[in-house]
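Got a structure for you, written out below as structure tokens; questions coming shortly.
First chain written, first letter: the chains are A, B, C and D, and each begins at residue 1.
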Amino acid sequence: AKPTAAPTAAPATEAPVVVTTEAPKEITFGLLLVGPYNDHGWSEAHFNAGLYVEEKLPGTKMIYLDKVNPADRPGTTPAQLADELVGQGATVILFNSDDMKDSATEFAAANPTINVIMASGDQQWAEGKDFKNLPNMVNVMGEMEYGKMMAGCAAALTTKTGQIGYLGPLINDETRRLVSSAYLGAKYCWTTYLGKPAEELKFKVTWIGFWFNIPGFTSDPTQVADDFFNSNYDVVISGIDTTEAIVQANKMKLAGKEVWAIPYDYEGACDEAPDICLGVPYFNWGPSYLGYVTAAMNGEYKPLFEWVGPDWTNINNPDTSMIGFKEGDALSAEAKANVDKFIAELAGGLQLFAGPMNLQDGTVYLKDGEKATDLQIWYLPQLLEGMEGKSLP
Amino acid sequence: MKTMTKTSSLWINTGFRIAAIVLALAFTSIVLLLSNARPFEAFANIINGSIGSSKGIANTLVAWVPLLLVTSGLLMTYATGMWNIGIEGQITLGAIFTTLALRLMQGTSVPPTLAIILSILAGILGGALWAGIVALLKIYGGVNEIFGGLGMNFVSTALTIWLIFGPWKRPGTGSMSGTEPFDTSLWLPQLEGLRISLWSVGIGIVGLLVVYFILQGTYFGLKLKAVGKNGRAAFLLGVPTTRYIMAAFLICGAFAGIAGAIQVTGVYHRLIPSISSGYGYLGMMVAMLVNFQALWAGVVALFFAALNIGSIQLPIVMKIDSTLSGVLQGALVLFFLLMEGARRTFLSKKRGK
Amino acid sequence: MKVEIKNIHKHFGKVHANNDISMTIQPGTIQGILGENGAGKSTLMKILSGFYQADKGEIRLDGKLTRIKSPADAIKHGVGMLHQDPLDFPPMPVIDNLIIGQSGGLLPNRKVVRKQFEDLQARFNFKIDPDAYVDSLTVGERQQLEILRLLWLGAKVLILDEPTTGISASQKEMLFATLKILASQGMSVIFVSHKLDEVEQLCNQVAVFRQGKNVGQAMPPYRTPQLVQLMFGKSMELAPRIDSTSCDVLVHMKDLAVENYRLHISGINLDICKGEVIGLAGMEGSGQRLFLQACTGLRRTVGGKLYIGQRDFTGKPYHQFLNSQVSYVPASRLEEGLISGLSLTEHFILAGEQQGFIINRDKALKLTESRIKDFSIRGIPETRVESLSGGNQQRALLALLRSPLQLLLLEHPTRGLDIESSMWIWNMLKERCKTGTAIIFTSSDLDEVLHYSDRILVFFGGKVSNPLNAGSTTVDSLGQLIGGKGWEN
Amino acid sequence: MNEIILIGLAGIIAVAAPIIFATIGETITERAGVINLSLNGTILLTAMAGFVVSVKTDSLLLGFLAGAAIGAFVALIIAFTSITLKQSQVAVGFVLTLLCRDLAYFLGNPFMGLPGPRIPSLPISGLKDIPLIGTLFFKQDILVYLSFILIAAAYWWIFKTRPGLMLQGIGERPAAAFVRGANVNRMRYIYTMIGGALVGIAGPMYSLSAKAGWKGTITGLDGIGWIALAITIFGGWNPIRAAFGAYLFALLQWLGIVLQPSFQNIPSQVLQVAPFPLMILALLLVNIGNTEWVDRTLAGLPESARRFIAQVLRALRTTPPASLGTPFENE
């Protein structure tokens, strides 16, 4: 999806953003992380992006606050915490999670002179269902769909039992479209490269009910992973914040079972158990953030909705690609070859969200020859036909 | 003579109290040193972050009000000797009911002020309902209120998540950020440029006064205490024990409900996951620290709220984790209990001589 | 074993509980100890059995100076104490009760223990099932179990502190027989009691304590007035019993039936007159308590009807009884009767009628002060009930009763109290009868039952006797019934 | 398919192992008359400490020892405040629950997400090939085997040995235990600490095995302790019954997972959160027999029905050690 400037974004001349006439050479940007900055997952990916900006752009200074969620910071709102960062001199604020959506909106509205970046929001998407007109906010999201497709592909090319498990968090449009992407990737590689019939591929998602385990309230991801492996799902793709999938896969492996797993979010995620890691689709927020902060520095900050895909010339280029797929040691040579071929095809414009395609309940999602629009993908109402698992919360 | 002993024992008591505080600070300092941070810098940052600025003070008050309400409610259940750990769930249900009420009235002809008032009443209902269930389980099922309460807490969390991503899903993507925020007309009016609403502060203070009055001056309060100290004897003396336990739970639940309602109408303006913000458990700590005397609840609650807010500076400024505030709060209560026990033993020894 | 006690002193704060007490107990004798409440009897016994350490003085066992450091130490030296409420483990089997505390290896040998236990039982022809759970035994049997256990552990001195409170007459006979056997086998027995007749019946010699001092020894034949004189420093006379004449029916029971998981009592038919006193006799756990609680709605009747003052109270809850001037005074004062932690004043506020919502402290204070005076309670309005003495707690309980009352139900109204306090309390009760209040009370003291009741119901294993006229009943016939004899008719 | 279910059940046995350590630890503590309410905090703290220690020393054993030591120390605090200082055990326990949790998060922060050692699984050759039994019990790791031993040992100690009987006595009626020569309060100290140590082992069992690693607030352990406490009651202070409770809990969780796809239309939370309400239901069943109103209503019923129900209830009923939570002073 190409960057689509929000229509309200008036010509740069009257962009109501940075007040000072000539751009300041010094700038402090504040980062609000939903999880621990060192969670080896979603939040750490953003944290590293911040470090990247500091390194690439002289004169920038990062301040951050992690665990920004009402469970860990009782009685606070992200907006209020953003105020704290502003109090420390930040003039650019990054909200790194969907959790902070409303606070980001509230804060952006209340602080027109602050440049706000909101990851994974859709407030700035004019066509989106939740559009808010905020001249000082950028929405950015990585097209992890591609990453998940690659993950699904790697899984399909590796599975011996033809059964792939997906460890899902809670159920919403975002998680649905990611699971479905993984499924599409898997199905494509299964049929195209292995030439096997689609029906022989089982793809099942089990939702634990939250982004991580809370005993007594969610299902235990460890148990979910184990259950997958024990019932002959030999590859498990993780969609949650924590690493149970590869941890358990590793345990099974040591116990002599032939299983693999694919973690999520964070480039280094495979390191925890390289032997069974087929690879990890990860976010690389650095380049985008660098862009926005630079813009802020030079007073060229524009409101924007960006849904950024990989840099197809090299999806793992730290300076250009938002989405990467780091192939793991456990990925066999021929599988690797095919995954690379798959990536090449995607680069060549292969669109997997293409008709004919039905939703899980059999209703038509895409007619024959129809390609899904960004809206259709972003707001995916159900899982797709052929996938096993719950579609609705 | 009598007065002399009074004053002397007063000195002893304050002495032990102060010792508790000193020990707690010492303990926390050690913890800080363990993670090579300078204690005084840390404490300074906490103070500065909480009362250093008008914003800080406002935020502290925002945390103070629900904490105060919850503590007040808990004083009632404590009077009957009950550990209402279910308080977290009761706050949550208060929030859920408030949200429900507002969703129903939003965009109707109901005047906002009335809508807010009704929604708070709904919150009271929700909290009381959840507490009532725990009480029923306790009274008619013999299920220890601690576990009944915990169970209901889990259920309430699940209920919240389900509502946010299911029936009350916001337009577009169901979001961890919660339900669609309410129109500003349905917010408790806030002070210009600050997040605190004088209304909620008022409610909090009134709540505490009411509880104080009930426990000090009324038959109802005395009977609650009787039930707490010896249910059987109280029953034989004519106190309808179960009804009083139930009443205590309902009142406590109602207070929790108000707290939840204020979280929705005054702070988050929507339903979010973990809306209870852990005020329930924190309130139990406050109640213990004031030794279940309503008199001090306000001050201590304020102090704890300040710790919560002030500690946010720690990760920003010093790169250390802000759960330190929890450590300090826990240490305070722990050492208070220790010193309280030490004091008792000390005094009884003295009497023995 | 010969026990010599020399110049024992014990202080509790200001209280000089034992003041230079000396006495010698020869092997094979039963030493009685009499004394009013708080005279220091229990204190001395607790010193002997290692609960307390004497401040001054010495103890010699068989002439050997001995320091008894703890109850366990005491039993090692051969001194065993039987507590009023036997210190055993109700939810555990008899056999385990023996094993606990028996020194030995990691794994107890149940077979051997069982054998030894059976042999011991045979000596006194006790019949306790070693596999029964203790909470299924009567207090009497539990006492027997404790005695056996102490002997089994090698006790040569047996101390009994008020052992007969709480057991029935026949169980008492059995106990006394046992003690006599033990003495004849060379044990020394120390027997503490308030009850002159018991002591006279049992003991080879009696010491009387007053205010912590041993004020005198007595040898058989005993002269009761002399003992009373010694105990109280003055002589005393029971008020003569007055038999009521006319009957104005207050309570009417028709085929009443009550049960708990052990007992089922049915077919109770009884009319009680205004101002009448009904005594309930029987072994502990024969159903008296059950019956009493049924009469207050504390236990739901499972059959029949209960009328009080023409109104049907069958199956009504306790508080309805209470509000219809039916009051119940439980036996255990601090467990069920009073609320530890609350002051006397607060008790009177709770017990009194609630006026409005807010408490009027001054009014409550005045009321309390007057009650404290009327009932001569040793304490002030602010006194917390738990720091009141036994007798004063009992007085407080009675002071809390509302008046007027239609029906008053009491469990062991004078348990643990000395003659003086008991007489005082009964005077209060009889005063109430004069105002038309009917009284039903349980007691394990047959004399009390016979002396103060107009009619008596005897309970035995779930059966209830027809009401006996107290005036024309003797201790023996009553004892017979309680023991289960003479129920044929 | 059958095999799959079997393996699933084997998984349940593994999942329950740490809970069994915690529950039996608590059972022993409460048998002595002391409530250690701090389980939820203790487990978090020891999970963190055990992980950190074994990462630093890379010795698993030291990790577990650290866990046990800290668990025992927390228990010691409870023993001291409640036995010696006569403060409310519930109060102290609750405070420690929160304090230990926050300590774990604060001190553990620098170590989040570090790779750490992990207990390998250890099939027992010979036994592991026995049909059914083999898969169920003997393809586990050492900790699971230890959990089996613990169940048996705890049961044997409490009900068969002399000190065990005394332990029961202490919890049941300290005064009586005292006259039988027990140093009640010392024993309570000791058993509280032993129980605490077992609870403390449950922590590393997670961070070094069941949920290997430390992830701070998202480690996914916050709540386990409470569940273990509930199971202790459900288990009626009997190790075997407690273990049964733990297995039951794990089973329910597993069912929540396997049944999920088959319930498209009911909220997934229903299954996920089910175990705790069911636990309450269980507590209801084991306690309702103790309630007064049941007696009253039973009295209303016809004799036969009354007897029957009463028997059923008494069969289900569990009653805590009589002196649970109350301090003891000899006179």
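What we mean here is this: contacts are C-beta pairs under 8 Å (C-beta built on N, C-alpha and C of every residue); 3 or more make two chains touch, one makes a residue touch a chain.
Small disclaimer: the values here were computed from a predicted structure and weren't measured.
A.B. asks: Tally the contacting C-beta pairs at the B-C interface and at the A-B interface, and name the larger one.
C.D. replies: Counting C-beta pairs in contact for B-C and A-B gives the edge to A-B.
A.B. asks: Among the chains, which one keeps its Cα centre farthest from the Cα centre of subunit A?
C.D. replies: When every chain centre is compared against subunit A, the largest gap points to C.
A.B. asks: Quick one: subunit B and subunit C, Cα centre-to-centre, how many Å?
C.D. replies: 48
A.B. asks: Give, as an integer number of Å, the spacing between the C-alpha centres of subunit B and subunit A.
C.D. replies: 37
A.B. asks: Can you check how far apart subunit A and subunit D are, centre to centre, with Cα atoms defining each centre and the answer in Å?
C.D. replies: For subunit A versus subunit D, the centre distance works out to 38 Å.
A.B. asks: Report, in whole Å, the distance between the mean C-alpha point of subunit C and the mean C-alpha point of subunit D.
C.D. replies: Inter-chain centre distance comes to 43 Å.
A.B. asks: Can you list the residues of subunit C that touch 2 or more other chains?
C.D. replies: none
A.B. asks: Indicate the residues of subunit A shared as contacts by at least two other chains.
C.D. replies: Where subunit A meets two or more other chains at a single residue, that happens at 67, 71-72, 171, 209, 211, 214, 216-217, 392-393.
A.B. asks: Which residue numbers or ranges of subunit D touch two or more of the other chains?
C.D. replies: Subunit D, residues with two or more chain partners: 109, 223, 226, 267, 269, 272-273, 276.
A.B. asks: For this structure, enumerate the chain pairs that meet the touch criterion.
C.D. replies: A-B, A-D, B-C, B-D, C-D
A.B. asks: Note which residues of subunit A are touching subunit D in the complex, please.
C.D. replies: Residue list for subunit A touching subunit D: 35-36, 38-40, 44, 67, 71-72, 171, 204, 206-209, 211-224, 226-227, 230-232, 241-244, 247, 251, 254-255, 271-272, 388-393.
A.B. asks: Please give the residue numbers of subunit D that touch subunit A in the complex, ascending.
C.D. replies: 4, 7-8, 11, 15, 109, 112-113, 115, 118, 120-121, 123, 139, 210-213, 215-224, 226-227, 250, 253-254, 256-258, 260-261, 263-265, 267-269, 271-273, 275-276
A.B. asks: Note which residues of subunit D are touching subunit B in the complex, please.
C.D. replies: Within the complex, subunit D touches subunit B at residues 37, 77, 80-81, 84-88, 90-92, 94-96, 98-103, 105-107, 109-110, 223, 226, 229-230, 233, 267, 269-270, 272-273, 276-277, 279-280, 283-284, 287-291, 293.
A.B. asks: Taking the complex as given, what residues does subunit D use to touch subunit C?
C.D. replies: 160-163, 165-166, 168-169, 172-173, 175-182, 295-296, 299-300, 303, 306, 310, 314, 319, 322, 330-331
A.B. asks: Name, in rising order, each residue of subunit B that touches subunit D in their complex.
C.D. replies: 31, 34-35, 83, 85, 137, 139-144, 146-148, 150-151, 154-155, 157-159, 161-162, 166, 281, 284-285, 288, 320-321, 323-324, 326-327, 329-331, 333-334, 337-338, 340-342, 344-345
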